[in-house]
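Order as written gives the chain letters A, B and C; numbering starts at 1 within each chain.
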Amino acid sequence: MRIIESDLNKLREKITLMGQLTENAIEHSTKALFERDSELSEATIKEDDKIDKLENEIDKLATDIMVLRQPAAGDLRFTVTCLHTAGIIERIADHAVNIAKHVRVLNSEPPLKPYVDLPKMALLTKEMFHDALEALIKAEVDLARQTIRKDDQVDELFHLIYDELLDIMQKRPDSIKRGSELLFVIKHLERMADYATNICEMVIYMTEGRIIKHTEEAF
Amino acid sequence: MRKLIDKIVFSICSISTAIVLAILFIIIVYILLNGIFSINLAFFTSLPKPVGEEGGGMANAIVGSAIMVFIASLISIPISIGAAIYLAEFGKGYLATSVRFLVDVLAGVPSIVIGIFIYTLVVLPMKRFSAIAGALALAMIMIPTIVRATEEAIRLVPQTLREAGLALGAPYWRVTLEIVLVSARKAIISGVLLSIARIAGETAPLLFTALGNRFFVTVLDRPMSSLPVQIYSYAVSPYEDWHRQAWAATFLLVMFILVVNMSVRLFTRAKD
Amino acid sequence: MLTVNKSKPVDKMENKETQTEPKKTELKTNIDPEISSNIQMEAQNLDFFYGEKHALHGINMKIPEKSITAFIGPSGCGKSTFLRTINRMNDIIAGTRIKGKLLLDGQDIYAPSVDVVDLRRRVGMVFQKSTPFPKSIFENVAYGIKINQLAKSRGELQTMVEQALTQAALWNEVKDRLNDSALALSGGQQQRLCIARTIAVSPEVILMDEPCSALDPIATEKIEELIVELRENYTVIIVTHNMQQATRVSDYTAFFLLGELIEFDETEKIFTSPREKKTEDYITGRFG
């Protein structure tokens, strides 16, 4: 086996673990919101330390691979992708933590209304992240492309819920506090979906060697 | 057991080496002891005295040997180096193989046969023994030695050195003369010197060609005296004083060969 | 064996053909990098044979002037053979044969009218092992100038020797001992002397056959710096087994395998995202 192979496998394992923990964080923070489970939200906030630590480990491992193994071509692109993606995942996890913090405030007040579109949006975002991660680990460029397309649906839901919340807040001044908390929540979800899109773009770079972000180029 | 065999083999080798060294040592010491007391100024400056008279020297033989060795070198060196360049640089086909074979055969021909050959080819038509015939015989002995030494030396010049010359836009003949030969010069000169050392002591080919002469001669179409022939004729004579002079000549010859061999050693070791 | 897998799709990477790259590869081989400057050297369907052995298969390649191109590939892949066709150094090997064209400045160097000696002046070569002539440092550099009668006077010769040694970053180290034997120099100095000797006859192209493989890292670095500087005035083609060296010095990289040119592109592209699976396998150490 090539010497670099075991290092790359280690890198793949770490990024998988980091992804799973982050997926859990999204799952738990949204579940805490919908089920008004404060304990779960606190646990989510605590779990984030592990994710931060993993990011540092991945940074170090990727740097070591570059200097010690001098990867080229596919190996190089995988290493760069992991280095970059670890940073993105860490930010997604931070958004999940932020949602959990908003849940803290929301749970101290009665529910504003039954959630209809919000769970859809949360599910979609979680799916996007899950698929982005799977595309990365399995180098499935088609899955990455499909996932990028889903971002539009998330954006659509964002605007729908945004308008709805604005409407409620205009009508009922007592809802402003809860309404603006929820506005933050949907903004966090929307950002997470954007980041999942970024991961997919990295997957396209990793598999095809083309950089498509910040370009008009069709993916 | 293994150690024992090791020791036995080592002992056999040591003893063989000792025997070889001892023989060489005995010869040199014997010649030295006999020669050093026989040599005197007259040996270098005088001509041989008539039979029965004491004294005299071998001035004619010393000069005669020098002349014939010099002429032989003059003839053989250009021919041999030319042939060696051909063999090493272009010698690939049937012709080259034949030439190489003939050179090997020539190297193995007994020197007396070469003497007879020149006798038939030069002495008989000229109806006279001569220095030039002697030099030709010596040259024929030198040729195979120099050819093989030079060919080996040229072959050892790395191919990339030739290519480096060609890559600068030098034609092949200039690369061969100015780079290849110059690179191989040490080994070539060594080969030449060793062949000179060898022919300086050759007797047989000179017996039929240069013959020998009691007088001081420098013209090439007359019989000429030489050290080995002189040693031969003095050594087989019944006179005590001639035996002494033969020892002196032997001493001189051995010293010459020794000095040439040692200078080759020093020369090949020296850095550029 | 000859023509397979040149046009075979390479899994997912083939999709992008529709995107950025303009139409290419009308000829059966290789993708050319986009070249904006003049073409110095061009091979057209070049085949090469050592007797019966078919050593190069249909090489098509355009090398731009004043650039550094690296040839990489496993031993016996034909990269050195191809390099040596460019100054016809293979001519001196008996039984070699060439087909196709090799153009230097648009002129076929294998045309009967071409003077090989003059061609070799225009296409210099530096070898794996440094090859100083058994002459003085000065005479080593002066040799090519004298052979080609490039200097009109003794003074001009001296100036040209100094210039060449300066360009090869060797002048300061040897200016006080120009008459010493070149064999007394260190390995790295000898190699720079060989480069100076090559530069001295003002070639257009300089071929280098693994010029650093016998040198320590410091000497290697000096030669590499020198190679990069040479790009100002010369077209440099370098055969190397050291892929890091190819990435450090070259603008373009060509990958050879079993006598075929598998891929030729900008070095950065070859080492980050090669198009061909074989290239990827080689540079990531999966074989070779």
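FYI, a residue touches a chain if its C-beta (ideal position, glycine included) is under 8 Å from a C-beta of that chain, and two chains touch if they have at least 3 such contacts.
Just so we're clear, the structure is a prediction, and the values are computed from it rather than from any experiment.
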item	value
Given chain B and chain C, the chains that contact each of them	none
Two chains sharing the most C-beta contacts	B-C
Centroid spacing, where centroids are CA-atom means, of chain A and chain C in whole angstrom	49
Whole-Å gap separating chain A and chain B, where each centre is the average of the chain's CA atoms	93
Residue numbers on chain B that touch chain C, as the complex places them	92, 158, 160-172, 174, 178-179, 182-183, 185, 272
Touch list for chain C against partner chain B, complex	87, 89, 92, 94, 117-118, 120-121, 123-125, 127-129, 131, 133-135, 143-144, 147-148, 181, 183-184, 194, 197-198, 201
Residue numbers on chain A that touch chain C, as the complex places them	2, 4, 70-77, 141, 207-210, 217-218
Contacting residues of chain C [partner chain A, same complex]	12-13, 15-16, 19-20, 243-244, 269-274, 279-280, 283-286
